[in-house]
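Please find the structures below.
In the two assemblies presented below, chain A is common to both, partnered first by chain B and then by chain C.
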Partner chain A sequence: MTAPATRRVARPAVPVVRVGPLAWRVLGVVGLLLAWEALARLNAGSYVLAGPVAVAIHGVEHAGLLGRALRATLVNAAWGFLWGNLAAIGLAAVILLVPRLERLLVALALLVFCLPLVATGPILRVAYGPGDGPQIVLAALAVYYTTLLALLVGLRAVPRSWLDLVESYGRGAGAQLLHVRAMAALPYLAAGLQIAAPAAILGAMVGEFTGAERGLGVLTIRATRALDVDATWTIALLAAGMAMAAYWAFGALLRRVASDPPALLLAPPGPALRRGRRRGAAGAAVMILVALALWQGGMDALGLNSYFAKRPGDVLTFLVTGPEAASHRATLLAAYAETLAYTLPGYLAGLALGAGLACAITLAPGLAAVAMPVAVALRSVPIVTTAPLLVLALGRGSVGTITIVAVMIFFPTLVACLQGLRQAPGDVIDIFASYATGRWRTLVLARVPAMLPAFFAAARMGVPAAILAVTTAEWLATGRGIGSLMALTASTSDYNMLWSAITLVALTAALAHTLVARIERAVLRVYGPEQLAR
Partner chain B sequence: MKRHRTIIPDLTRRRLLGAGAATLGLAGLARPGLAQTQDVALQLSWLHSVQFGGSYIAQDRGYWAEQGLDVALLPGGPNAPVEPPVVAGTALVGISAADYTAAAVEQGAPFRIIGVAMQKNPFAIASLPANPVEVPKDLEGKRIGMALANMPVLEALCTLNDVALSEIEVVPTQYDAAPLLAGQVDCLLCWATDLPVAMAMEDIEAVTMLMADHGYALHSQTYIATEESLAERRDELVALMRGEVAGWTDYAEDPDAAARLTVRMFPDAGLDLATQVMQAERQVPLMFSSLTDEHGFGWFTPDTVAANIETLALLGRDVGPELWDRSILEELHGA
Partner chain C sequence: MAPDGPPSATGRAVSCTDLVKVFDASGDPVQAVGPLDATFAAGHTTALVGPSGCGKSSLLRMIAGLERPSAGTIRIGAETPRDLTRRAALAMAFQDAALLPWRSVRSNVALGLSLARQPPDAARIERLIGLVGLAGFNDRRPAELSGGMRQRAAIARCLVSAPELLLLDEPFGAVDELTRRRLNRDLPALWQGTTAILVTHSVVEAAMLADRVLVLSPRPATIMAEIDIPLPRPRDEDDAALRDRIAAIAAALRDSGPDRVLAAQ
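Presenting the complex of A and B:
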């Protein structure tokens, strides 16, 4: 029995939800709907949960309003998606043509990606004035980094001999890029777009919080304050539905452009780690200098008023050299410590859950029928609508916030780990099977080591996701930590503190990313040395 | 990206113009001889709602158009900057509050308060009748749900009324009545005109204790402009405030009409008419008083300013009376 079961999972098919038979999926969905309705009825009067029936009624009654809001949000998300991905493609092309810039550009891209939405939103609003500018830019910012990473892997996934062929015709890097690399990267681009699509919708909704006339984000704010639970849930489900539809649509595209879709997240830990320690430190210094120059130069170029657009020098004075620097630092670090106390457990729990569920699905493939739709849904519901609901349901203590962080990390980890588990070489699995090894031992001894590179790739990508989750939850729901501090400082014009917090968060993200990459390298040296050689 | 930056304000303006022309009707068409219209913006402090009903009336009835002013009403939101667009010049006037304005001035923003829409501060403590907070002393032993950002407000209320802050359990919550109804807290710090209205719409009549009735004197929904605008764009400021005064004067006579207009003007805002009507009525006593009856909408006196300065001091904001500038109102009301 063992062999057929494992073989079924070992099939290199990316559409993971197809693992279970259709009947299972239908049963799973119906069961979930029934459980949801029952839960809603049990909690009636608590203004937390609306059941599927109430949601359906609200949706039909307000179809016109919801349709207009949905269109506004989707149009902005689509523009942001377009611009963000074009930016990613441009950056990837530059990196490929000038490989020496890779480390710097990728690090800067990560830094920008980690800027907290609660802080960037108002700044974009001031820079753009009224209109859709901030919504589009935030959507673009939400997508460009994942696409860039996917492209960087894809553009390199080219047999050396093809490049040699181009060279033998006397053509240069440009021709290689156009004729060989771009074609090879297409499946990776599609995979990147698949991850990016739900993120664009979230970005557009957060952008609406900065002062928009219409959209799903606007309706969310209104519904929450008006105790309109039916509306809150209808909007959340609508947004999630759109995000999932986009996810599946790009998944379908991916299957069209690639007969054997790429194991996207198997990106090696990046060139930075192959350098010596001293060169690494020098590189980091250059990176920081460039980031500071961009910060100062960008603000000067846009002519942003120094009342709200603080420069690096202002932050230095505020935190280090100014007369009250010590008390400023104390306030900032207290909020920071509070935030870390939520982020770390949530991050680790998300990773553990994702990897654990991936292993469980490998052992019992039937689970996928129920688990995958829930996982996709959890990840797709925009965090701006889920965060307050989760906190309301789970309480304002640590549990609510930690859960939100874990939910954000969990799904990408699950997808990556499922891919990773399938990377176990077929002949190794065959040997295990021929010795009648049990499923459990096969998992632990063969599949889990094969999963590690994908797991660590997810862990690296989880760093910005965790920061986004925790700052959003603190801002919108719990009112604690650095996310709340940033919202508060923006409303009381304490822009020095705001920019100090932004700096601290961005630095933390970069450091955490580096730390995970180091652990990854240490582990892979033992379990997957082939990943480190290129 | 650049293209968007230029295209979008255009679209907004055209849309506003369109909406203006449609709603102005005959009054709008019958204004010949205007050589040019000045485009200015008013930055609102929150999403469109009847909270700004008077401004919508001013636009709808052409009170700005007849002075050659085309005013764009920029919505706010939970993550929307209010003071920065005024500093940056995107908006000529912003709707702030005395405490936020004082904080901004402390950080170097050159603001003056040129009018006061809410004479009484809308902050209130909302509780349920079974376990009510009717006077500040009732707060002792209660769990209050509020944003931690508002701690200075609670501290000021306690100081003003000899309430022991240590006897109150503060529970950080999002701005939402659900924690009160779910029994997670005994009372909420909120505006008298929003969460209690939401509860009333669910047939839950909350007890609201207005903080302004217990010494918390703080101008809210204040009109702010920069010193530079006061010096150089005086005509536009006067025209904008004249429209505001006319709009809000109409509002006082028929708040229901303002609510209906709000819902009609912003069909995409998801507004509920009954809610807007109730909110419109409940904010009337906050905005109009014997003072405004006598001197006109938006007025303030050295006495009310002095009371504000005292409350601001309790909030840790050290400001003087020069933060307020009545010259625009004086020009309008002919004082």
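Presenting the complex of A and C:
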């Protein structure tokens, strides 16, 4: 892909909205708070909503406790952010210098990214014992993949001639990296870090959910168990606020390094599978073998106790060849089916609502300018940190879980689609206008096709997000599905079942991701061929 | 040679023998060049003109060692293009100037030295920036320059390492007519004595800059005509002898095939 094309795709994500005079803004905030408070008072007996007054009182009364927890979470998130991003930078450099490894490394990175955090958390806890290790590792796991993708796009979004320039002096890939690619990738790295910042907070909190001594995640668990509505709201708002603040802080950094920040959700899918079905299948087989070898070899090399660190062979015995394999399979698959029944509707609803609202906003011009900043801000909130609120509001049944998944998918999709809808080249729109084509037809004929690449990028990145959302919700609250099975087996030290569940979930996520990427590539071949070229 | 021009390297003669380039990325081979035989005299400037898509850039990129010939050989003196790039003895100017946007003009020119593994030489860099008429813009970023200024900065970057072979791919493609005239008049002095190969769409530019013009056929590129321009420099676009040469090139181009050349103003 050449940079001019990328730059064009990468129009600024957010329109500069001039919010009216300060007075209006203050009035708006006050109105919102009043409505919130009124709603809370109306629902006083229902243990769902805490009003701003209650939240403020709780915050002040427990300021010391909340402050310490917040500090612990932020410190862990910062370490995880650092390690995760360093890992991403290292991986990107390796891929750039040894391009042959790209498919393998990116696929493995995706597989690791798809590991359900709520299950890796307890296992890390056993491996580390008490301390901050697991939270930091989970925060790192939550950030490295998006940063890696951002870097890979950025390192390549370089005009051919810049690379030729270096080559024409007889210099190789190292000099290209040093003189050209590293600097050219900076804006992309900054954009990746912006997405990573709230994700690190989320990762650290999930790590704290699974048995830490300190941190906002610990307080969340306590408040949820005690049905303490005020505490739940205060903590969730605090976590969301921190995530938003981190997102905005890195946004400011991004605007410093790039006058025209790249829109990362538009990152094209990885390199296409080799031509031919057979080679594709062979590639997948190699990948699975490498993954299994790394799993086994890694655990052996680290000398991890096979009591909690189950190897591929253990899982195979447990699920296939062992004496009670059939009943194990039945338990696992029942929970799995339950989880899928929540995930799929939530995922599809999130996608449909995001794309639909984006289209609706475009039909009502003017609305976009208002909706976009709100959507961008809310996208930065790791929904999982607010999952307890949704569970409070919607109950522990299927509606609550499906809603959590849908909300998790909805905001990134909305933002991506709004960006995509604006990609429709101005002159195409002008042509339609000159034929007095109606808004609807323009939308269908010109804007929606232009939106498709962004939509599919969101759908692809939404797969691991949906899995994270559903397992966390099940783990925290609903007591159903595979997330709950993981919680149960972690607490009863049934590590064979836990590892089986991890394997199943990671494989499902990786397969779903591949499937979406395939559809995406087929669609892009028609609607955005420049996104596939390298 | 211009008295204050850059210390000129010994130019090298370039010869292409039975040169062929076939692109076959998508399983649908496209022959871009050849078979083509050509020699480019040492120390002379040769212009390549031909219809769009005929294979000029492919030819230049092969000579620069950026693309491997599918068949045939290229010799620069006694060396291959790779030998030359390994010594960092050639420099190429790209159609889009290829300045790095985060570097200032001075630093972009300095890159020409550092990529060629030559020691930094502030005085030389300064002098070259002056010679291409960018004095006072040393600290500007490419985004603050006009298209023509960018091209001149790129040419300064090429010349700063005193290459033995200079390859220019439509260096003034993005320049307005007036600036282009001025560049055509002033720049050749800077690389006098160096072997230079120049791709251009403009018949006038070819006649202004070159000692010899090669007219290429439509794809795959082969040589259709050679036109010598034995006129002294600096040249004047309105000079009758030059006008005569321009007409000859344009006529050769018309004969060479579908006339899709943009120029011949």
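Going forward, the second predicted complex is superposed on the first by the 462 of 534 C-alpha atoms of A that agree within 3 Å, B and C clash if a C-alpha of one lies under 4 Å from a C-alpha of the other, contacts with A are read in each partner's own complex, and residues count from 1 in each chain.
Heads up, the rule we're going with is that contacts are C-beta pairs under 8 Å (C-beta built on N, C-alpha and C of every residue); 3 or more make two chains touch, one makes a residue touch a chain.
All of these numbers come straight from a predicted model, not from anything done at the bench.
When both complexes are overlaid on chain A, chain B and chain C end up sitting side by side without clashing. In the superposition on chain A, A:Trp162 makes contact with chain C only, not with chain B. In the superposed pair of complexes, A:Val112 makes contact with neither chain B nor chain C. By the document's definition of touching, of the two partners only chain B reaches A:Val126; chain C does not.
In the superposed model, A:Ala352 lies in contact with neither chain B nor chain C.
Look at A:Ala212: by the touch rule set out above, it reaches chain B but stays clear of chain C.
When the two complexes are overlaid, the chain among chain B and chain C that reaches more residues of chain A is B. By the touch criterion defined above, A:Ile221 reaches chain B but does not reach chain C. Once the two complexes are overlaid on the shared chain, A:Arg171 sits against chain C while remaining clear of chain B.
When both complexes are overlaid on chain A, the residue A:Arg68 reaches chain B alone and has no touch with chain C. Closest CA pair between chain B and chain C after superposition: 34 Å apart.
Shared interface residues of chain A, touching chain B in one complex and chain C in the other, do not exist. By the touch criterion stated above, chain B contacts chain A in their complex at residues 1, 4-5, 8-9, 11-12, 41, 47-48, 72, 74-81, 83-85, 87-88, 90, 100, 103-104, 106-109, 147-149, 171-179, 181-182, 184, 194-195, 198-199, 201-202, 266-272, 275.
Of all residues in chain A, only 45-48, 62, 65, 68-69, 72, 79, 83, 117-118, 121-123, 125-126, 128-133, 136-137, 206, 208-214, 218-219, 221-227, 231, 304-305, 307-308, 388, 391-392, 395-396, 475-480, 484, 487-488, 490-496 touch chain B in the complex they form.
Contacts from chain C toward chain A in the complex involve residues 61, 64-66, 82, 85-88, 90-92, 94-96, 98, 100, 102, 111, 115-116, 161, 167. For chain A in complex with chain C, the residues that touch the partner chain are 159, 161-162, 164-171, 175, 179-180, 183.
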